[in-house]
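Shared between the two complexes below is chain A, which pairs with chain B and chain C, respectively.
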Partner chain A sequence: MIEALFEGLFLVLQWKPLAFMALGIVLGFWVGLLPGLGGATTLALMLPFVYAMQPVEAFAFLLGMHSVAATTGDITSVLFGVPGEAASAATILDGHAMAKKGEAGRALGAALTSSLVGAIVGAFALAIAIPMVRPLVLTFGSPELFMLAIVGIAFIASLSAPGPRGMLRGFLAGGLGLLCATVGQDPQAGIARYTFDILYLWQGLDLVAVLVGIFAIPEIIDLAIRRTSIAGALPAGRISKGAWEGVKDTFRHFWLTIRCSLIGTFIGIMPGMGGAVAQWMAYGHATQSARTAEERKGFGAGDVRGVLGPGAANNSKEGGSLIPTIAFGVPGSTAMAILLGGFFLLGLVPGPDMLTKHLPVTFSMVWTIVIANIVTVLACFLLLDHLAKLTTVRGTVLIPAILVLVFIGSFTSNHHYGDILVTLVFGGIGYLMVIGGWPRAPFVLGLVLGKIAENYLYISVARYEAAWLTRPVVLILFAIAVAVILYPLLQRRKPAHA
Partner chain B sequence: MHSKASLALALGIMGVSGYAVIAAWAWPWKASLFPLVIGIPVFVLSTADALWVLLGRGAQATERGEIKDFQIAQDVPERVALGRTANATGWIAGFFAAIVLLGFPIAVPLFVFLYLKLEGREGWIFSAVFTAVVWVFFYGLFDRLLHLPFPQGWVASWLGF
Partner chain C sequence: MRFILGLLASLVAAPALAQYYAGKTVTIIVGYKTGGGYDATARVLARHLPKHIPGKPTVIVQNMPGANSIIAANHVYSVAKPDGLTIATFNRNLPIAQLTRVDGVKFDMTKFAWIGSAASECTILAIRTDLPYKTFEDLRKSKQQIVIGATGPGANTYDFPLLLKEFLGVNIKIVSGYQSSADIMLAVERKEVDGRAGSFTSIRPFIDRNLVRPLLRARATEPGVENLPIDEDLAPNARARSIMALRSAPEIVGRPYVMHPNTSAEHLKTMRDAFAAAIKDPELVAESKKARMDLEFVDGDFAVKVMREVLSQPKDVVDEFSKYVKFGE
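Right after this comes the complex of A and B.
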């Protein structure tokens, strides 16, 4: 095994795989920065080019590109409040709030360093977990995966707004997200649900179009109201100096970063969950790490832990989602499903062969994730000064440029004007949520989880009828969901009795 | 403004979930299971939230500052903020209309230039150079490099181009 580990490293360090990895990193860097152009889409676009490559070169190219897109997606989230990737949306809540306080450098430093730690943890998990993961994945059937989705929503709904009223709104936002996910042709009976005879809606609401709207439009309106730069009237000199502080923050909250990385890896392993879920789960956990209600108030207003959690989980899930893809041929996410296509194009069959005959190739993937992330983070730190200064540019100059990116990003989802309309409608809803004091995080998690949760619920009921509710892991997860809801309420009552 | 937006959202969700439940009732169980499982509790909870506001319990609502999210500019007077919000909404809607009518390649430089000149009150040279940079980025990356299919605007179609 150790021999294969080093053989994998030597395979990656040859000039051709390194050159393809560098090309992938450059592509992934820009894809991550641009809203709407997702890592999965780019993987699909680049897949035909791997025909002529050796397996190690092809995976260095594809994985290098994909893992970097997740890292640089955080940059636009922090600087402009526009998610560069669907999986970078959670970073906005605290990352962009920090940028508004003049701490863009610190937020970027924290996001990049935690991304690197997350990527290394995910890759490490991939290296050691392959022989052990089989029983874990087999323990989780459809009922358990459905309950896991419910725990996720309970988690984020109860933590994103405190108190009974806030929690009620959290659950309503999550419920609205789940309902929005049902728009389109239903996968079981083929019924067109809530489509109002509009062909565009048959495929459902596009996640990127909704995310860009719900996060970017309120930020743009806020910038238009304030008529200042993103960092307001803060002196320009302060902004980029905090990058090193962000690096130190990662190590100051090292165990939180590690825990969130492990959450990301675990979510990555679960088929169908994906990075968009991992980051919100990690954000929920980061919020929970606050010891007092007073401390918890800082989340959403620029607490660096709200950047570290999603940053770490977002990258660690790559290693996690590769585990079922390589070991069982079950892709953990859309991007992994596309990557699975790459396996077949190259004549590799996921499964036992990848753990025996092709083990060095498998380890070369681990090394690619690690090396690509180290190179990207170093490159980003070199550019950090210039990137952070963007927050001092006048709002009236930034708004048209951001709006162009928002509209193009939204349009590129399906190349349909309907995407822009969806962005505008959800931009309006996002604006109402912000001024009304409703949390947006549960809505997004509901939307992301909706299709997966519906699928698992249907299989659970069709296969086990009501008996799925009595399965031990389901009961444990149900108890966790109840505890997650009750814990903040009980914690809130404590000071009153003290 | 805070409680009005909250009420609007609660009533909106009530309407959406009520419609979702009624529509789902007519479908086979395979298609209606999930919308009903989610729609019914959402309808009940949104009704409770709307009643909470309407019965005057808004004062006991969660403190706005406790929400884990950002707040729209607090240091600008409400009337001014409303005016600027309407103005920004107008620009966003105008940009969308321009894209549909003229297509991306014309709407992008037109919007950027007009926004910089009219809203930003920037100088002619800066506005022209910035617009050119944005257009080159848009055209070079999305059109020439990625070959994204940007359809021509409705006006060009009406004129038979």
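Right after this comes the complex of A and C.
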């Protein structure tokens, strides 16, 4: 085991895998920055280039590219409030709020450092989990996955504003998200729901188009109305100072970062949960670390913990999501499905063998994720201060460029004008939610988890009838869901007694 | 004399065609997002087609997902130009959509300029190896219920076992809602379900790993499963047989490639020849073998014949068929 761990490291530390990894990093860097152009599409485009490579070189190239895209996606989120990737939208809430306070450097520093910690924790959790990973994944059947989605939905309680009014609004927004998730052909009877005879809506609402609309459009409107730069009228000197501060923040809240990394790894391991879920659960957990109601109000207005949580989870999930692909030959996401194609091209058969006979190759993948992230974060720190200065550029100059990013980003999801319309409609909804004081995070959580919850509930009932309710892991997860809902209530009562 | 004239004509035509395609871009429109089987096949072809088209044009792939490919098919049928530079590949089940009169279908499958199909898709039923049934007969005779995981109606994971249950009297319970065929495979592994139906290509790695055992197949076949019994052969009556045949017919044209209906005969022939040659190209064969993708060219004329067969069914058969099978992925 330890032997394989080092053998894996030495496999990566040869000049050819390193060179290919560097190439992958450069590509992934840009793919991550540009919204819409996702890691999955790029993997599909790059797959033909791996024919002539050795397995370790090929995975260094593909995985290097893929894991870096997740890291740099946070940069676009923080600077412009435009999600660089579907999986980096949660960073916007506090990251972009910090940028508006003139703390873009600090937010970027925190996002990148937590990403690095996340990647390393995720990789190590993976290495430790390898012997028990098959039983772990097999324990989570459809009933357990349904309850896991319920735990995710329960986080709405933490993501809502304090007080009964805030809670009500949070759950209503979450309900709207769940409703939006039902658009499209349902998988049980094949009936088209809420499609209004429009072909485009058959596949449901595209997550990227919705996220770009609901987060980016309100920010652009806000910027246009304020007629200043993103960071407002703050002195330029304050901005570049922050990057190192963000690094320190990561270590100030070190255990939070670690816990969120572990949440990310766990969600990554669960096949079918999807990358977008991990960061929202991590964000929900980060808000729970607020000790008083006052502190809780800071979330969404630029609390650095709101950047650290999703930043960490976003990268730690990469290690986790390799597991179903490697150990079962069952990909957990589109990107992993394409990677699975890479396995076949290289003559490797994913399955139990990857955890025994080919263990060094598996570990070389883990190392690739770690090394690629270290390289990227170091490279980013050189650029960070320059990037942060973008928030001092006058809004009127910046807005056209951001708008181009927004619409190209949404259009690349289906290459259909419907994508643009979805972005505009949800942009309008997002703006109304912002000015009306309705939280957007619960909506997104509902949207992301709706389909998962519905499908697994149906399967659980169809397969086990009522018996699934008594499965031990289901009961444990139910208790966790209840605890997650009650936690903010108890938390808020404390200062009243004190 | 005629021979000489013909020879001359072809000598003149070839450079003219080469001139036509030289420096141009041929676009293959895929009716799905990147990452699936249709997309992967199109990308392999795009790499190897240029060598086999006169004038060596650039060939690119463009994804046009939505409505299970209906959007892409409508586009090539009426929006794209009939200039031989736009090719579409889409859901093999589109003839079923036309047959069952799905809203939004604005094409006639028999009228496309058919290049052909790049592969046939073989649907099989596979169950866990730890179950006591060694053959399909064992399964059919046993009165025990088996649970089959599926994605949803319209997919072969759902429709194939549904017809086995309805017409062959196998005691099957279908549990649908899995997000992808990979998710069903995981459910098989954790014994949540007993087996699944699906394309042989996607199940093969798990057969090799001895997790599941193939029991039965549909009409379209591939090397490796020829000897399995065929569902239609076991049908108790003519009606059941025709419904099963109708479900499986599109699978013979598993990876359809078409152009605009008004494409000139010359351009159509060029593409048919290019596809036939590219799929035999040793480089492509080596590549697709590595990617575990079995490509085999089915000529366009045969594809049109299959389309006509599907679409000329009497009304009572179509009505009966629509009771069971819906158009889907």
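We take it that the second predicted complex is superposed on the first by the 487 of 498 C-alpha atoms of A that agree within 3 Å, B and C clash if a C-alpha of one lies under 4 Å from a C-alpha of the other, contacts with A are read in each partner's own complex, and residues count from 1 in each chain.
Following the convention adopted for this analysis, contacts are C-beta pairs under 8 Å (C-beta built on N, C-alpha and C of every residue); 3 or more make two chains touch, one makes a residue touch a chain.
None of the values given here were measured: they were computed from a predicted structure.
Enquirer: When the two structures are overlaid on chain A, which partner does A:470 contact: first (chain B), second (chain C), both, or neither?
Expert: In the superposed model, A:470 contacts neither chain B nor chain C.
Enquirer: Please work out whether A:142 is in contact with chain B alone, chain C alone, both, or neither, and reply first, second, both or neither.
Expert: second
Enquirer: Looking at A:189 after the superposition, I want to know if it touches chain B, chain C, both of them or none. Which is it: first, second, both, neither?
Expert: So A:189 meets both chain B and chain C here.
Enquirer: Considering only touches as defined above, state whether A:415 meets chain B (first), chain C (second), both or neither.
Expert: Both: A:415 reaches chain B and chain C.
Enquirer: After lining up the shared chain so the two structures overlap, which partner does A:179 touch, if you call chain B first and chain C second: first, second, both or neither?
Expert: Only chain B; A:179 stays clear of chain C.
Enquirer: Just checking: does A:403 make contact with chain B only, chain C only, both, or neither of them? Give me first, second, both or neither.
Expert: After superposing on A, A:403 lies in contact with chain B but is clear of chain C.
Enquirer: Tell me which partner touches more residues of chain A in the superposed arrangement, chain B or chain C.
Expert: The larger set of chain A residues in touch belongs to B.
Enquirer: Quick one: classify A:458 as touching chain B (first), chain C (second), both or neither.
Expert: Touch partners of A:458: chain B and chain C.
Enquirer: Have a look at where A:349 lands relative to chain B and chain C in the superposition and call it first, second, both or neither.
Expert: second
Enquirer: Pick out the shared contact residues on chain A: the ones touching chain B in one complex and chain C in the other.
Expert: Common interface on chain A, chain B vs chain C: 186, 188-189, 415, 454, 458.
Enquirer: Under the definition above, what is the set of chain A residues touching chain B in their complex?
Expert: 81, 93, 96-97, 100, 159-163, 165-166, 168-169, 171-172, 175-176, 178-179, 182, 186, 188-189, 191, 193-194, 217-222, 224-227, 287, 297, 299-301, 306, 394, 396-397, 399-401, 403-404, 407-408, 411-412, 415, 417, 420-421, 424, 427, 429, 431-441, 453-454, 457-458, 461
Enquirer: Give every residue of chain C touching chain A within the complex, in rising order.
Expert: Those in contact with chain A are residues 33-36, 39-40, 43, 47, 62-68, 70-71, 74, 103-104, 147, 151-154, 173, 175-180, 182-183, 185-187, 189-190, 192-193, 205-206, 208-209, 287, 290-292, 326, 328.
Enquirer: Please give the residue numbers of chain A that touch chain C in the complex, ascending.
Expert: 40-41, 43-45, 47-48, 51, 137-142, 185-190, 197, 199-200, 202-203, 271-272, 324, 328-331, 334-335, 337-338, 341, 344-345, 347, 349-352, 414-416, 418, 451-452, 454-456, 458-459, 462-463
Enquirer: Could you list, by residue number, the parts of chain B that touch chain A in their complex?
Expert: Residues 1-3, 5-6, 8-10, 13, 16-17, 20, 23-24, 27-28, 30-31, 33-35, 37-39, 41-42, 45-46, 48-49, 52, 60-62, 64-73, 75-76, 80-81, 84-85, 87-89, 91-93, 95-96, 99-100, 104, 108, 111-112, 115-116, 119-122, 130, 134, 138, 142, 148-150 of chain B touch chain A in their complex.
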